[in-house]
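Each of the next two complexes has chain A plus one other chain: chain B in the first, chain C in the second.
So, the complex of A and B:
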């Protein structure tokens, strides 16, 4: 359905996304993890034809076999909402505070689908029921500030589903929510994807949420896909040193006693900071922070190695381990 | 054991809600209902709960930004709401706060050196040397004092916010969701920084968070709140290993997922 091939997004000399390649078919649930500046949001925006104007795009992006590389804004408009829809992190910022959520939801139904006022209203009611908003009739009449954070996110999901998209991109959908609410929203997205046979791209820095929501995972760092494979397998036995670092840096909810000197054990960290776009290393993006770095890493891009039949990781250390 | 650094005795804070009827008094929202705890020097107390649980109201009362309707807050044995305003001003240097959003809490048009020196100026002093020292203490270098917030990453900005909090050499640090907006690897770095500062300066930390995994890494005692009520409180290992309340279990489950 969607195919990206050596797709890059650059700003001047800085590459926000470097040669990303992947394929999405209906029903896929793909997690994209990485920290700020890893390029995960740029990936999502590119799939919506919403990369900033200043960005230079190269490589191929095909949607339903059609090459979208040079597509105009009008071409994209025809695809958005019906083919690909997106929800964002901050539901308050994405909703118009001066309009009742029902009006907001009816707009795409009338614009894109050409429904009459009453048909749009009926459809909005169904959508609210589908995303689990209690008492939809009353909620449709409310303004965004009258809803809780979790309900606002449900409204946005309903809005994204309005035109029955084949792919839903959720960019950090749970980050602004309380832990329990985040779990429910994650489960809702999975249920909707399965029920509608809709593809889901779940972009998040929250590994636990991605593990819960997706079957496949791509780990990104510095604009590159550094590791990919089945979510469970990758998180259980990460092959790339960055994936390992991310997993080790996560605090666990077990209690930790102070040592005999009265000091608390420290958390494992990845040393250093994510480099700025304009001074990313030329070779492997993770060089300079990597615990298993080889002399070759800073200058030469890491080759993509097969870790298992359905898993790859881009790392020089994996090559030398393999005896190549 | 020495006298606690901070003691809260049956703190209650109510906010008036809009009137529902002409004939009835306006209803109250009880944001914090009779919360009690104590925190010793060099220790960390975690306050856990979701939005609306009252944890930020608790922090605001500890910082004497607002007064409780009932109960007392004792800082180093002195009731913060009974001392004179001059005395409170003098005491303020001893307790400082770090907020969630380092974007919102630093003035974008001022150099970070200026922002870090602000609490000092409020006390009527301004010491470049002290600002430089605070920058070094949070793992930055004194040479960055002239730079502006936009030149820093999220994690570095939170370091700046922590430098501003410790510049007056406080005994108590109140951290309200101080690592919630940070990436995983940066979050671990900032938590380690707080632990380092605690070892080095003997800071007492009141750490407010919704994330059980985060509080487990740095807290000695825990207070779990929901809708203003304290559901359970006690040593961190007891609350984490044998939670008595269903709500605590659900938070733990969410953190493990």
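So, the complex of A and C:
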């Protein structure tokens, strides 16, 4: 079980992650969505103990009952790959170009699990089969540049699974891939998580992929978790104005229809841009771009409100609605 | 791969051919008459003409070039004017010393530079990094001959750990090696200062790559990531510089052998230039050029060993 409590990551005065709290247990599949700069990746890196050296961390982080806030690099090395593993956005650049992928995969098996050369080899073969790489024997002998993007991402997934982690963090695992390859990788991650009873954090800005892959969702903006709940419920009826904005900014089949003037309607966008780390608003991070902004929003942090039994959103507008 | 090799070999051969033409032409347009040098200013015109005939200096230039190359290919570089023995014999006697000096120099350069450069990159922005950068800046600024003199004063004159110069011959291997220590250090320190900087920046560059983050995320220690994942990827620019430095070390032996009174090729080329000993100078310049071109050829082969992507592209 992994538990974050009021966990913040800051660079000087700027908070890249602000008091994040959540719990994830085996079998959970949690989606994390938000624009670039919303703190999604920082959340993932923090769970690996890989936040940049310049970052100041505060709050609680417990992994398997161990308090990892303030843990040393050596403590983290013992957890990475074995308890928490992560795959990254760019499969093209994430594999050592000088090594055969078989060598890359055997390294943690031999180093961390102490397998012999032949046992590691056999295990690597099984892992390649598990992640759906055809002809594993031949593939193990190849170099990354000889594989396609989808196959490289599968190799990286196999590498992340090598030491049977309890949690797999997939940071934009499909962003760099073709649409149909992306779909298959998404389904593979879901199948692996279910089959291994492993927790999955699926970080993406692709709402369709998150809807397909996860049971629960966290929407992040400006380093803050603004809304969370069951994926289906949140995407069907978003409570936070930012989540609504994200959903409206998606192209839908209807938007293809031409208007009376013969032109296609423009896609709705959220006005403005994500503010830089050092000039985030002090109150609600979304103030300044929010369509339902109240006078209180810019200065005071929005309280976390229960929208339903299993859903929360952090928004002042929800409080005044509830009070009225 | 075969195509790549064939192309490298061809360029290797063409370079040597071009070098031979330049060397031959340079030696023959130089002012000064070898016959006059050998016989002295008092020689009669008849004697000079006879000697020119004997040395083959009256044949057309092209004929003389092909005669020279033809003989050189069979290992015959003619007879030294000043020593009166075959040039190949002169070279044979001195080659082992210069080769040992250059090889030990390049090994020391690489070992020092990798240790310092990787160490500096691993401590990027900290005291160790600044220390290495400062020392290497000094190392780059110091001329090798002056460094040699400082080394002699400290380790030979004051501490008496090593001889100040001279060479006892290979008959006494231990003393021979002892007398090569200071020259090796003098050659390597300056070169390793340059190489340490190249190593540091190349390692820093690779440390930013995604696959290094993957290796860290797989739970490997900093040391393992640095030496097994980062360094191999940082090697291509390092190997390029090492190839160039080997050339610099070989030519650097000319100065160092003169400072330390070592009977090697560097000292021989210096003496034969002073004596206007054309066959010897030609052979030596050609030999030095061949060593440099060979070093570059080896570097081209090493690239392919390091990076499998080159193999399939080549």
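Assume the second predicted complex is superposed on the first by the 313 of 324 C-alpha atoms of A that agree within 3 Å, B and C clash if a C-alpha of one lies under 4 Å from a C-alpha of the other, contacts with A are read in each partner's own complex, and residues count from 1 in each chain.
Keep in mind that, in the parts below, contacts are C-beta pairs under 8 Å (C-beta built on N, C-alpha and C of every residue); 3 or more make two chains touch, one makes a residue touch a chain.
Please read these numbers as outputs of a predicted model, since none were measured by experiment.
When the two complexes are overlaid on their common chain A, residue A:208 makes contact with chain B while staying clear of chain C.
By the touch criterion defined above, A:77 reaches chain C but does not reach chain B.
Contacts of A:195 after superposition: neither chain B nor chain C is touched.
Of the two partner chains, chain C is the only one touched by A:86; chain B is not.
Chain A uses no single residue to touch chain B in one structure and chain C in the other. Residue ranges of chain B in contact with chain A, taken from their complex: 42, 50-51, 153-156, 183-189, 191-192, 195, 199, 210-214, 216-218, 220, 236-237, 240-241, 250-252, 254-257.
Taken in their complex, chain A has these residues touching chain C: 48, 50, 73-74, 77-82, 85-86, 88, 90, 93-98, 107-108, 111-112, 143, 145-146, 156, 159-160, 162-163.
The part of chain A that touches chain B in the complex is made up of residues 35-36, 149, 178-183, 205, 207-209, 211-212, 245-246, 249-258, 262-264, 266-270, 273-274. Across the complex, chain C meets chain A through its residues 209-211, 213-222, 224, 229, 232-233, 306-309, 312.
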